[in-house]
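Presented below are the structures under discussion, each in the form of structure tokens.
Common to both upcoming complexes is chain A, partnered first by chain B, then by chain C.
Now for the complex of A and B:
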């Protein structure tokens, strides 16, 4: 499919600081793309460059195949939902939504009609004549969405729009956003630092760090096969073993670690075996006290942390390294573990994922 | 317990004393403007609007009032425009020497008005701009613009920096963003700056005396009446001038308070 947005070798420097560097990205029509990273990763700068609020130092951004070089923000059709929402406090709800149409010279009657129909669609039609300061956080969010969507743009930019909402409201708005995006077929580019938002909504996730793209992929792919150590650590709840791989007597690959030999998955790329590798094992793939699997490490329980329905257990191996294991709350109740108790942590070799170690 | 009750009472007394100290001379002038006697002595004579009647029939006073009003209006508009420009520049741009720019922009009110008036006279007469009504407007705009800037700058500092960018993002070019976003947001401060600068210009004596030539403003007229004779007419003029300025200042305050109260409300309901 023809990409609606193509980012070619984009770099952005502020003085000596490189906020974004070497970014290449193609976004197709109707895609929900999340750009994720911690603060200072360059994700917001990238979004601002798409909107024309910053000019790339190098490279180009093509919108519908046309270069956006030299185009001022008001000359491109890339409306944004702002983190602060940036609703106009001196205009009421429907006037806020009409703003984009007014700037495009749509007649008063026509823009009122279109603004009202968007307010209806977002279920806030009855607030049309309210002042912005009379609305709740969730209602304002919908006004901001309606204001950005009313011109029916090819691309909608969203800059952490849900970060100010409480968890409950945020989940509800996520459903609103995904439904809207499916119905409209508009490309959404959603910047966030939240794993749950990105992974719940996006078709593809871009993970950025220090101005670079670390990995692009479907949420599940990134989750199961992080391509760099940074991504594996950024996602949290991953155990990373580093060591030199070797061939075992059975012909399979093994990793020599302070805790002995760990069996590598059979699909590990043999090309990696000439140097150090990282073996990544997701915390929810490790079983405690269960039937023995290919890899098993005797451990001691040192702490636990409840995360809603699941629990994170912090263990220490005999070799002295930390291990995190995630399991459902109910399963833990069945184990009746005491702090300091000895228990075996095991996982199937097939659940490991091998990448080249970064030196 | 008794301590708690006494303290507010003492505070009330103290506050009342301060207000009395500040306003007693003005009140006295106002009271004597309604007194039938020629000289301000107690006990008061009968109630009379005679002095007001005399003021209103004096063509020189009328002329002075119209000069003052015209100068105040023109000064207010010019100073508010200049003040907005300076405040917006400060809000929107980062540049080398910005703190020096701000310090210089806020400087004129700190210069003694006698010095300002004298130097204005020297400067304007060199440019052949002195001795006319617009000379007062030019000189007063210099004095008033920093006040306008301070008020407008305070308002702009409350503006979310994303607001202007949001309007560009929705298709507004820089000028339309100014017209549809920045000016409406700043509107309350523009109105209060206009009223306040008008009040300052209306009251100002020293600079007006130096540069006005034959175009006497009210304060200048008052002083020239005083030089001839001490007449209760002065009290009547004083009463009118006081009312005019206090109305302008109160209007400026009301507009300012209403907008900041609305902002406080939206900040409270905002999450």
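Now for the complex of A and C:
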């Protein structure tokens, strides 16, 4: 499929600082793409370059196959939803939504009609005559969305639009966004630092760090097979064992660690076996006190942290390393664990994922 | 971690609760009053009281060039009954309004440039330079203009040197307006700049993003966002020029007169302090009304559209 947006070797420097470097990315029509990274990773700069608010130092961004080099922001069709929303405080709700249409020379009656129909669609029609400062955070969010979508653009850019909302409202707006995106079939490029937003909504996730793309993939793929140590750590709920792999008596790969030998998954790339590797095991793949599996480490419980319906357990192995195990709340109740209690943590070798260790 | 952050606001709350319990009520009242008193005393002594006296004075009479205390509306009738007074009044209003509009228009590109096209260091220098005109007395700066604008002044000497006819600039309305600009322009630029520089840049970016060309953002976003500063700048220009005596006299030649000149005429001719007071009270009232409506317009709550 022809990409709506093609980012070719884009680099952006501010003085000596390289905000974005060597970024290549193709985004197809109707895709919901999330760009994720911590602050300073270059994700917002990349989005601003797509909108034309920053010019790339090198490379090009193609919109519908055409170069955008030299195109000013107002010459592109890339409306954006700002983190601060950037609604015009001197205009009321419907005038804010009409703004983009007015700039395109749409007649007053026509733009009022279209703006009102978008407000209706986002269920805020009754606030059309309100001032912006008379609205709640969630209502403003919808005004910002309506203002960006009223011109029915091929691409919508969103810069952390939900970060100012509380958790409950954020989840509701996520549903609004995904439904809209599916109904309209337009491309959403969504910048966020939140895993839950990115993984819940996106078809594809781009993880950025220090101006580079670390990994691109479907949420599940990134979650199951992080391609770099950075991604594994960034996702937050991974255990990473580093060591030198060796062949076992059974012909399988093993990793020598401070806690003894750990069995590597059978599908691990043999090409990696000549150097140090990281074995990544997701916290929710580890079982406590269950029937013994290929890898089993005796541990001591140090602490626990409740994350909604699930719980993160922090353990220490006999070798002295930390281990995180995630399990549903109900399962923990069945275990009746005391702090300091000894218990075996085990996982199937197939649940491990091996990458080359970064020195 | 969570419990710590939860505790601290509680601790602050209980601390204020303690202070409320122990500090006597009157002491809590006296503290802000102590700060407010000097200002209130100053205003009472040097504004309210003289204004009251000015109003009283309008009802006094002049007999044989001497002021006599009275309660006679004769001065009001005499001044307001003269078409001449109203023509001077309207002219002064028109000149002040014209000056406010003209100076605002001249100031805006300058303030815009300072706010949007200079980096922080250059901006600071520009603000400093905008303050420097206030180092010299306005009167001195007006006298300097005489040397430039006079029939044999620097400008006309240069014109004649170039073989051109001299142009009358001193003792004209043009001269007065040069003086008005000298009085107000730096202040208006400063006020406009302050409000322009504080505009949320993402609003301008959002407008560009919604296909607003750069030149159009000025009217669509920047002017409405900076409305308070722009209106206050124009208001200051109106207030300062409306009551100005120096420029109309020394650069405008006092002819046609403004209200300030009319006041001196009344005091000089026949010692008519009460009639001068009538003019003064009219001026103060006008300025209070202008300031009131200007501030109301500047801070007007966002309109609702109906349609």
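What we mean here is this: the second predicted complex is superposed on the first by the 359 of 359 C-alpha atoms of A that agree within 3 Å, B and C clash if a C-alpha of one lies under 4 Å from a C-alpha of the other, contacts with A are read in each partner's own complex, and residues count from 1 in each chain.
One rule holds for everything that comes next: a contact is a pair of C-beta atoms (placed from the backbone, for glycine too) under 8 Å apart; a residue touches a chain by one contact, two chains touch by 3 or more.
All values derive from a computational prediction rather than experimental measurement.
Colleague: Should chain B and chain C be called a clash or a fit once both complexes are overlaid on chain A?
Modeller: Aligned on chain A, chain B and chain C clash with each other.
Colleague: Please indicate which partner A:95 is in contact with in the superposed arrangement: first for chain B, second for chain C, both, or neither.
Modeller: In the superposed model, A:95 contacts chain C only, not chain B.
Colleague: Report for A:51: first if it touches chain B alone, second if chain C alone, otherwise both or neither.
Modeller: In the superposition, A:51 contacts both chain B and chain C.
Colleague: Please work out whether A:129 is in contact with chain B alone, chain C alone, both, or neither, and reply first, second, both or neither.
Modeller: second
Colleague: After lining up the shared chain so the two structures overlap, which partner does A:245 touch, if you call chain B first and chain C second: first, second, both or neither?
Modeller: neither
Colleague: Give one of first, second, both or neither to describe whether A:137 is in contact with chain B, with chain C, with both, or with none.
Modeller: A:137: touches chain B, not chain C.
Colleague: After the superposition on A, what does A:112 contact: first (chain B), second (chain C), both or neither?
Modeller: second
Colleague: Once chain A of both complexes is superposed, is A:59 in touch with chain B (first), chain C (second), both, or neither?
Modeller: neither
Colleague: Applying the touch criterion given at the start, work out whether A:78 contacts chain B, chain C, both or neither, answering first, second, both or neither.
Modeller: both
Colleague: Go through chain A and flag every residue that touches chain B in one model and chain C in the other.
Modeller: Chain A residues touching both partners: 51-53, 72-74, 78-80, 82, 84, 86, 88-91, 99-100, 103-104, 132-133, 147-148, 151.
Colleague: Per the contact definition, I'd like the list of chain C residues that touch chain A in the complex.
Modeller: 200, 202-203, 205-214, 216, 220-221, 224-225, 227, 301-307
Colleague: Across the complex, what residues on chain B touch chain A?
Modeller: 160, 162-163, 165-173, 176-177, 180-181, 184-185, 187, 262-263, 265-266, 269-271
Colleague: Note which residues of chain A are touching chain B in the complex, please.
Modeller: 51-53, 72-74, 78-80, 82-84, 86, 88-91, 99-100, 102-104, 132-137, 140, 147-148, 151, 164-166
Colleague: Could you please specify the touching residues of chain A with respect to chain C in the complex?
Modeller: My answer: residues 51-53, 72-75, 77-80, 82, 84, 86-92, 94-95, 99-100, 103-104, 112, 129-133, 147-148, 151.
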